[in-house]
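A single structure is presented below for examination.
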Amino acid sequence: MKLVTAVIKPHKWEDVREALETFGVAGMTVSEVSGYGRQKGHTEVYRGAEYDIALVPKIRIEIVVEDADASDIVDIVVKTAQTGRIGDGKVWVIPVDSVVRVRTGDKDEAAL
Amino acid sequence: MKLVTAVIKPHKWEDVREALETFGVAGMTVSEVSGYGRQKGHTEVYRGAEYDIALVPKIRIEIVVEDADASDIVDIVVKTAQTGRIGDGKVWVIPVDSVVRVRTGDKDEAAL
Amino acid sequence: MKLVTAVIKPHKWEDVREALETFGVAGMTVSEVSGYGRQKGHTEVYRGAEYDIALVPKIRIEIVVEDADASDIVDIVVKTAQTGRIGDGKVWVIPVDSVVRVRTGDKDEAAL
Amino acid sequence: METGMHAWTLIAASLVLMMTTPALALFYGGMSRSKSVLNMMMMSFSAVGIVGIIYVLWGWSMSYGEQDVALLFNNPFETFGLQGVGGASLIAVGFQMTFAIITAALISGAVADRLKFSAWVLFLPLWLTLSYFPLAHMVWGGGFLSDATNGLADLLGSAAPIDYAGGTVVHINAGVAGLVLAIILGKRLGFGKEPIKPHNLPLTMIGAGLLWFGWYGFNVGSIVIDTELDAAGQTAQFLSETSLVWLNTTVCAAAAVVGWMVVEKIRHGKATSLGAASGVVAGLVAITPACGSLSPVGSLALGVVTGALCALAVGLKYKFGYDDALDVVGVHLVGGLVGTVAIGLLATDGGLFYGDGVSLFVTQVAVALFAMLWSAVATLIVALIVKAVIGLRVDEETEIEGVDFAEHGETGYDFGASTGRGRGTLGTTSTKVKEGAGA
Amino acid sequence: METGMHAWTLIAASLVLMMTTPALALFYGGMSRSKSVLNMMMMSFSAVGIVGIIYVLWGWSMSYGEQDVALLFNNPFETFGLQGVGGASLIAVGFQMTFAIITAALISGAVADRLKFSAWVLFLPLWLTLSYFPLAHMVWGGGFLSDATNGLADLLGSAAPIDYAGGTVVHINAGVAGLVLAIILGKRLGFGKEPIKPHNLPLTMIGAGLLWFGWYGFNVGSIVIDTELDAAGQTAQFLSETSLVWLNTTVCAAAAVVGWMVVEKIRHGKATSLGAASGVVAGLVAITPACGSLSPVGSLALGVVTGALCALAVGLKYKFGYDDALDVVGVHLVGGLVGTVAIGLLATDGGLFYGDGVSLFVTQVAVALFAMLWSAVATLIVALIVKAVIGLRVDEETEIEGVDFAEHGETGYDFGASTGRGRGTLGTTSTKVKEGAGA
Amino acid sequence: METGMHAWTLIAASLVLMMTTPALALFYGGMSRSKSVLNMMMMSFSAVGIVGIIYVLWGWSMSYGEQDVALLFNNPFETFGLQGVGGASLIAVGFQMTFAIITAALISGAVADRLKFSAWVLFLPLWLTLSYFPLAHMVWGGGFLSDATNGLADLLGSAAPIDYAGGTVVHINAGVAGLVLAIILGKRLGFGKEPIKPHNLPLTMIGAGLLWFGWYGFNVGSIVIDTELDAAGQTAQFLSETSLVWLNTTVCAAAAVVGWMVVEKIRHGKATSLGAASGVVAGLVAITPACGSLSPVGSLALGVVTGALCALAVGLKYKFGYDDALDVVGVHLVGGLVGTVAIGLLATDGGLFYGDGVSLFVTQVAVALFAMLWSAVATLIVALIVKAVIGLRVDEETEIEGVDFAEHGETGYDFGASTGRGRGTLGTTSTKVKEGAGA
C-alpha cells in the first residue's frame, strides 16, 4: 500500500474531495497546514509596523491506498487542484508497510 | 525503524496515551486533524440554511519506533481505541530510514 | 527522494527556516502540533482545580528532498534547532516513491 | 426641561452610540467568516467616524429646522456646522446623530464579504444625504410623513402616523437599502452552495445583548415631552410614558426570542443560539415604532409574531436568490414593516383591534410604502454613482482570500499553537518598521 | 417621584437586564468548554425570553399585590397580564422582572454541559412559580421574611430583617437551586479526573466586568424611597443613600478581588485571572443584601473576607463530590450567606460589632435558613417533575460530542486555518437550504 | 444638588469604572499576543482591586481636603478611611476613585509581556501615592496646577489653567509613566525584529467601543456645578454644559477615527481596524481636557488633527527604540498633550485663534510641562524602588513561554480541534484537585 500526501490550496479542497469520492476513495485524513515556497505570503500593518507573513494556508490530505490506485489518485488530485498559478501545491507517495482498521482489526487492503 | 501513524477518536486519546506509556513509549507527536470516511458528520443550521459537515474531528498520533515494537504498538492502539463503532480510525506503519534527537544528535535507536 | 520530518521547539522555527533557505530549500510544509516526551508540560489552576498539561507545543516541518540532500538537511535542522535542553525534538527521514508539482505536473526531482 | 429628563437623554444618547460601536459591530462581526470579521466591524466604526462629521456639517440642518423644502428635507445650509445651535439643544443634535450612525451601519450586514471599503466610505455621505436625512425630516422634522398639512396622512384623510423611535426612518430604510445593495452587488461566491457560517457566535451574542441594552436609549430616549403641559404634567408624562416604553421594549424582545425559537424547533428540531440572538433584534425592531402605543400584553403578542415571521423571512433570500448576507432584510425590513403596520392593529388608541377602525392602519401602510419607495430609489441612485466612480465589488481573489487582509491589511486572530497555549510564533517571518515616523 | 429618581430607575432596570444578556452569558460561556459555550449562553438568553413572558402574566402578581396568601405568595390572578397596572409603576414591574430573569439564569452555571435544553425550558416557569415568586413575595412583598406581623422576625421577636437588593431572594435562592440540581443531575463525565477547563477566559472577564457595571443598577437601583418624607427629605434620602450604596458596592468588589488573589497566591503561588473575575462576583454577591447598612470600611472588610472564603469554597465540590460546574454554590450561595449574615455583625445600625447585640444577627441567620429550606424543597419538586416528564440529562454521547451541536445544531467557533488567516474552508461540504421559507 | 444631576453622577461613575473593567482590559488584551492576554487583563482587574482599597484609605484624603501641604498634596490622614465623609459626597469619592483606577490601568499598556505581576502589584500603591494623588490635588484639589494663589498660573501671571476631565492628571500622567517604565524595563524580546502582532482584534474593537461609551461618564460626568448660581441657574448650567461636552466628545472621537484612517491610507494604502480603534481612543484623549471649552466644529478640527498626529506618533517607538508595547505614549501622552495645548488655541473663551492672545496657551503649556516633570520623577523613583525590592522583569524563558502561564498559571484559550467543533480534548492529561479546600 501507499500513503498519498497532497498539499493543496484551501479553496480547492471541496473539488478534490468530490473528485476523490467519485473515484471511489472511501476515507482520508485532512489537516490545516502552512506552506512555504515560491508563492509569497502577504504583508500586514499594525500601527506603523509592517509584518511579512511568509507562510500561506494550505490543506494537507493523507490517503492510504492500494498500490495500484496510487498513481490514479495522484493524477486526480493534480488535475483537480491545478489552477496553474504558483502555490498549487505538491503531492507525494510513500510506501506503507501495513494498515489496520481500529474498529474491526481488519488488516491492509481490507482496512481501506 | 518504523513510523506508526494512528488516527483515532478524540475521546480515546487519554486511554491510548496511557496504554502506550505503560508499554514504554517515551515520546510521540500529536495533532488535531479532520477525518473523512464512513462515519458521517453532522448537520448545522444557521438562520434557515442547513450545512452538512462531512468531516469529523480526529486525533493523529505519530510515533517513531524500533522495528520490533511496531506491531505491538499497533496492537495496543487498536485495542485501546476500539469502541466497535464506525469511525474508530486507522493505524498505518511506514518504514523510516533514520532518526536523530535534536538535543544530542543521537542517531536511530538511540534517538528514541 | 526522501521526506524529512522535523519536530522542533516553536521559538526555533524562524532560525531553522532561515538556515534551510540559505542551504537552498525552496519549499516546505509546516504545522502546529503537540509533543509528548521527556520534556514535561506544566500545571494550570482553575478555581482550585489543578490540571497537568502533558503536551507541549511543537512545530512540525515536512520537506521532500533529493536523496543526496537528506542528510545535509537533517544536520542543518539539528544544528540550528539545538538548545541542548530536553524537548528539542526529533528529525526522521522516510523514503518517498514519487512527487508531483500540482501546478505543472512536473515529476520527482523536477517537482522540488 | 427638568434635570432628570436631561440626565436620561444624556445616557440615552450614549447608549445609542454604543449600539453601533461596539454592539452592532460585534453582532455582525461574529456572524461573518473569520476572514472578514474586521471589515465587518470597520463598516460600523467608519460609519461613526464619517456620519459623526457630516451630521455636524449638514445632517442636522437637513433634518430639522425652519427652512423646509417641499416637505422633503430642510435647507442643509440653515444651520451648517451647527452655527446658531447651542445650549441644551446640542444634546438633541447628539441624540439624532446616533440614529443616523446606526441606520447607516445597519446596512453593512447586507454587503458583507464583498463590498470595497472605499465604496462604503463614499456610499455613506451620499446615502445619508439622499435617503436618511430626507426621511428623518419627513417623519420627525414635520415633513411629508408626519402629521403636517399636505403630508401623506393629511392627503389621505387618515389618522396621524405613528413612528415612536424609527420603524420607518431607521429599520425600513436600512432594510430596503440593504436589499437594493445586495441585489446590485450580486451574491457572494459560493452563496447557497458552499457553507458560509458564522465564525464566532459568542461575539454575535455579546452584540445582541449590548444592542438590547442600547435599545433602551433608542426607544425610551425617543420620548418627546409635550411642551404645552405644565411642569407637573410634563413630569407625569415622563414618568408614565417612559415606564410603558421600557416595559414594552423588554417584553416584545423577550417574546420574539421565544417566537423565533419555537419556529426553529418546529422546522429544524432545534432552537439555535443564532436564532435567539436574531429574535432579540427582530423583537426590538418591531417594537421600535410601536413602543409608545401598545399595552404590555399587546407587545408580548407583537413579539411572538415578529419572532416567528422573521425566523421564516430570513429564508427568503435563498428562495429569491438575493444575497442579503447577514439578513438586514429578513430582520430589519420585515421586522420594521411588521411593527409599523401592527400599530394600526394593536395601538390601544386608534388600533383596529381596539375598535378604532382602519384609519390608522391605512396611514401606517401608506407611510411604510412611501418610505420603502423613497429609500429604494435613493439607494439605487447612490449605488450607481458609487459603482461608476470607484466600483462596488472587490475582485474574486480578494473575496476568496478574505476582505480583511485585502482591504485592511490585517487578520482578525492569531491564536498560535493549537494546544490552547497560544504563541503566535508560526506564520510570520520578519518585521519591517516604517521609518521616518513621527510628526 | 422626581424625574431624577425615575431616570435612575430607567437606567438601573436596563443595567440589570444587561447583567443576564450578555454579561452572565459571557461570564459562564467563557468558563465552559468550547463544545458547550453556546448552550451555556442560550440558558441565559432563553431565561430572558421565558421569564420575560411569565413575569408579565403571573410573576408580578404572585410577588406583589394586595391579596396575600398565608404570607407566602400573592394571588397570581390579581393582576394577571398586568391588568390594572399602569403609569409609572410599570417600571417597577420592569425592574423586578430583571431580577427574576437573572436569578433563574444564575442557576444555569451548576448544570453546564449536561442538562437537556428542553428540560431547562420547562424548569424555568415551574421554578420561578414555586421558588422565586414566593421568596420575592416573602422578602420584598410584605410576606413571611419581611417585617410583617406574624413574619419570621416577628415570631422570633428579633429585629426586622435586612435584604437590600436580594441576598436571599436572588443569591441564596439561586445557589441552593444550583446545588440541588447539580446533585440530582450527577457529575459531568470526567469530573475530577479529566481536565475540564475554561475555553475562553477573556470572555469570562468581559462578563465579570459587565456584571460589575450592571450591579450598580442592581444594588443602587434597589433604593426604596420613604414616601412618608416630604419632597426635600426624599431628595436627601436619594442623594445620600445611593451614594453610600454605590461606594459600598465598589469597595466590596474591589476588596474581594484582592481577597481572592491573596488566597490563591498563598495556596497555589499564583493569582489567576479566573480568580480575579470570580472575586469580583463574590464581592458583589456579598454586598448585595448589605450595601445599604455598612460603612465603606465595613464593606472593605466584608469584601476581603468574602473573596477569601469563596476562594476556598469553590474547592468544596471536589471534597463533597457534587459537580456544581461553574460554582454557583461556591460563589452565590456562600457569598450570599456571608453577606446576609454579615449584616448582623457589620450593620452600622443594629450590627453586633457596633454594640447593638445579636437581635439582628439572629434574624438574618433565621431568614437565610428559611430561604434555603424553601428553595431546596421547591427546587427538588420542580426537578423531579421535569425529570419525570422529559428527563434531565443528555445521553453520554451527546455530552462527549458537546451539547452545542447536539442541542442547538451549531458550533461556537469556526476560525479556519491555523495560520491566523482564518478561512473556514475546511470542515464542511454542502449547504442545503430549507425550501419553502417565507411567510 | 438636584436628583437629575445626581442620577447622572451615579451613572457616570459606573461608566468610568466600566472603562477599566472590562473596556480597557479588552482594548489592551486584544492587542497583546495570545500568550499574554490574561496578564494584560489582570493588570486592569488588579488595578481596580488595589486602587479601590487604597483610595478609600488615603487616596481621597491626599487628593481633596482642607489640609493642603505646599500646594502639592493634602494630608493623607485628614479623612483616612473616609472618616467624616458621608452623605452625597460619597459619590464624589466614588467618581474620583474610578479616575485613579483607570489612570493606573492605562500604564499597563507600556509594560506588556514582560513586567512581573508582583512588581505591578507593588507599583500600584506607590505610584498612586507619589504621582497620581499629588497631581489630582494640584489640578483639581486647589493645588499648584489650579488657579490657586501661588499656583503656577498665578506665578506666571497667565490665565487660569483648564483641564476639564483629566488631560494632565490622567493622560499625560499615565503616558509619561508608561514611557519611563518602558525605558527602564527595556524592549520585549524580538521587538522590531520578530512579528509581535495583536492576537484578537475584535476584542480590541469591543474595548474601544466600550471605552467610548464609558468616556461619556468620564467627560460629561466631570461637570462642576457652580454653587454660586441659584437653582434655576444651576439647572441651566447642567443642561447646556453637559450637552456641549457630550457632543464635543462624540465629534472629536469620530473625527479622530477619520484622521487616523486617512494617514494610514496615505502611508500604507489601507485603513486598518486597529487604526480605527486607536483613533477612537486618541480622539477621546485629546478632547478630555478640552471638552468644555471648544465648539463642536473646533472639536471636529481637534479630532482630525489628533487622529493624524497620533497615527504618526505610534511609530516613534521604533525610531527612538523604547518599547512602549501598546502605545501608551503614542496615544495617551501625545493625545493628552495635543488636547491640553490645543485649549490655548481653540478655546472659544480664551483661545489664541479666537483672538484672546497667548495667556491661556502659555498656562496650558506650562501646566503640561510641570505635570510631565512631576510624573517622570515620581515614576522613576517608584520604578527604582520596585526594582530594588522584587525586580521588574520576568526572566527570558518566561517571556518566550508567555507571562499568562508563568505568572498566572493559566492560558487564555482552549478551542480544541481545528475543525470548528471545539473539544478541548487534546493537550491535557490529569486533574489533581487541591485537597483540604473549604473554610
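Order as written gives the chain letters A, B, C, D, E and F; numbering starts at 1 within each chain.
What we mean here is this: contacts are C-beta pairs under 8 Å (C-beta built on N, C-alpha and C of every residue); 3 or more make two chains touch, one makes a residue touch a chain.
As the structure is a computational prediction, the values presented were derived from the model and not from experiment.
Q: Report same or different for the subunit A and subunit B interface, where same means the shared residue numbers exceed half of all residue numbers found there.
A: different
Q: Look at interface B-E and say which pair in B-D, C-F or A-F is its repeat, using the rule that over half of the contact pairs are identical by residue number.
A: C-F
Q: Could you grab the centroid distance between subunit D and subunit E? Build each centroid from C-alpha atoms only and quote it in angstrom.
A: Spacing between the chain centres: roughly 32 Å.
Q: What is the distance in Å between the mean C-alpha positions of subunit C and subunit D?
A: 50
Q: Let me have the rounded angstrom distance from the C-alpha centre of subunit B over to the C-alpha centre of subunit C, please.
A: Roughly 18 Å, centre to centre.
Q: Rounded to the nearest whole Å, what is the centre-to-centre distance of subunit A and subunit D, using the mean of the C-alpha atoms as each centre?
A: Those two chain centres are 44 Å apart.
Q: Multi-chain contacts in subunit E: which residues touch at least two other chains?
A: 2-5, 7-8, 11, 15, 37, 194-198, 200, 206, 267-268, 270, 272, 274, 314-315, 318, 405, 409-416, 418-419, 421, 423-424, 426-431, 433-434, 437
Q: Which subunit C residues reach two or more other chains?
A: 11, 14, 17, 30-34, 44-46, 48-55, 94-95
Q: Looking at the complex, which residues from subunit B come into contact with subunit E?
A: Residue positions touching the partner: 11, 14, 34, 41-46, 48-55.
Q: Touching subunit E in the complex: which residues of subunit F?
A: 1-8, 10-11, 13-15, 17-18, 21-23, 25-26, 29-30, 37-39, 41-42, 45-46, 48-53, 56, 81-82, 86-91, 93-94, 97-98, 117, 200, 203, 206, 407-416, 418-424, 428-431, 433-439
Q: Sort out for me which residues of subunit F touch subunit A in the complex.
A: The touching residues are 195-198, 264, 267-268, 270, 272, 274-275, 278, 311, 314-315, 318, 327, 330, 418.
Q: Which of the residues in subunit B end up touching subunit C in this complex?
A: 1, 3, 17, 26-31, 64, 94-103, 105, 111
Q: Of all residues in subunit D, which touch subunit A in the complex?
A: Going by the criterion above, the answer is residues 194, 400, 405, 409-411, 426-434, 437.
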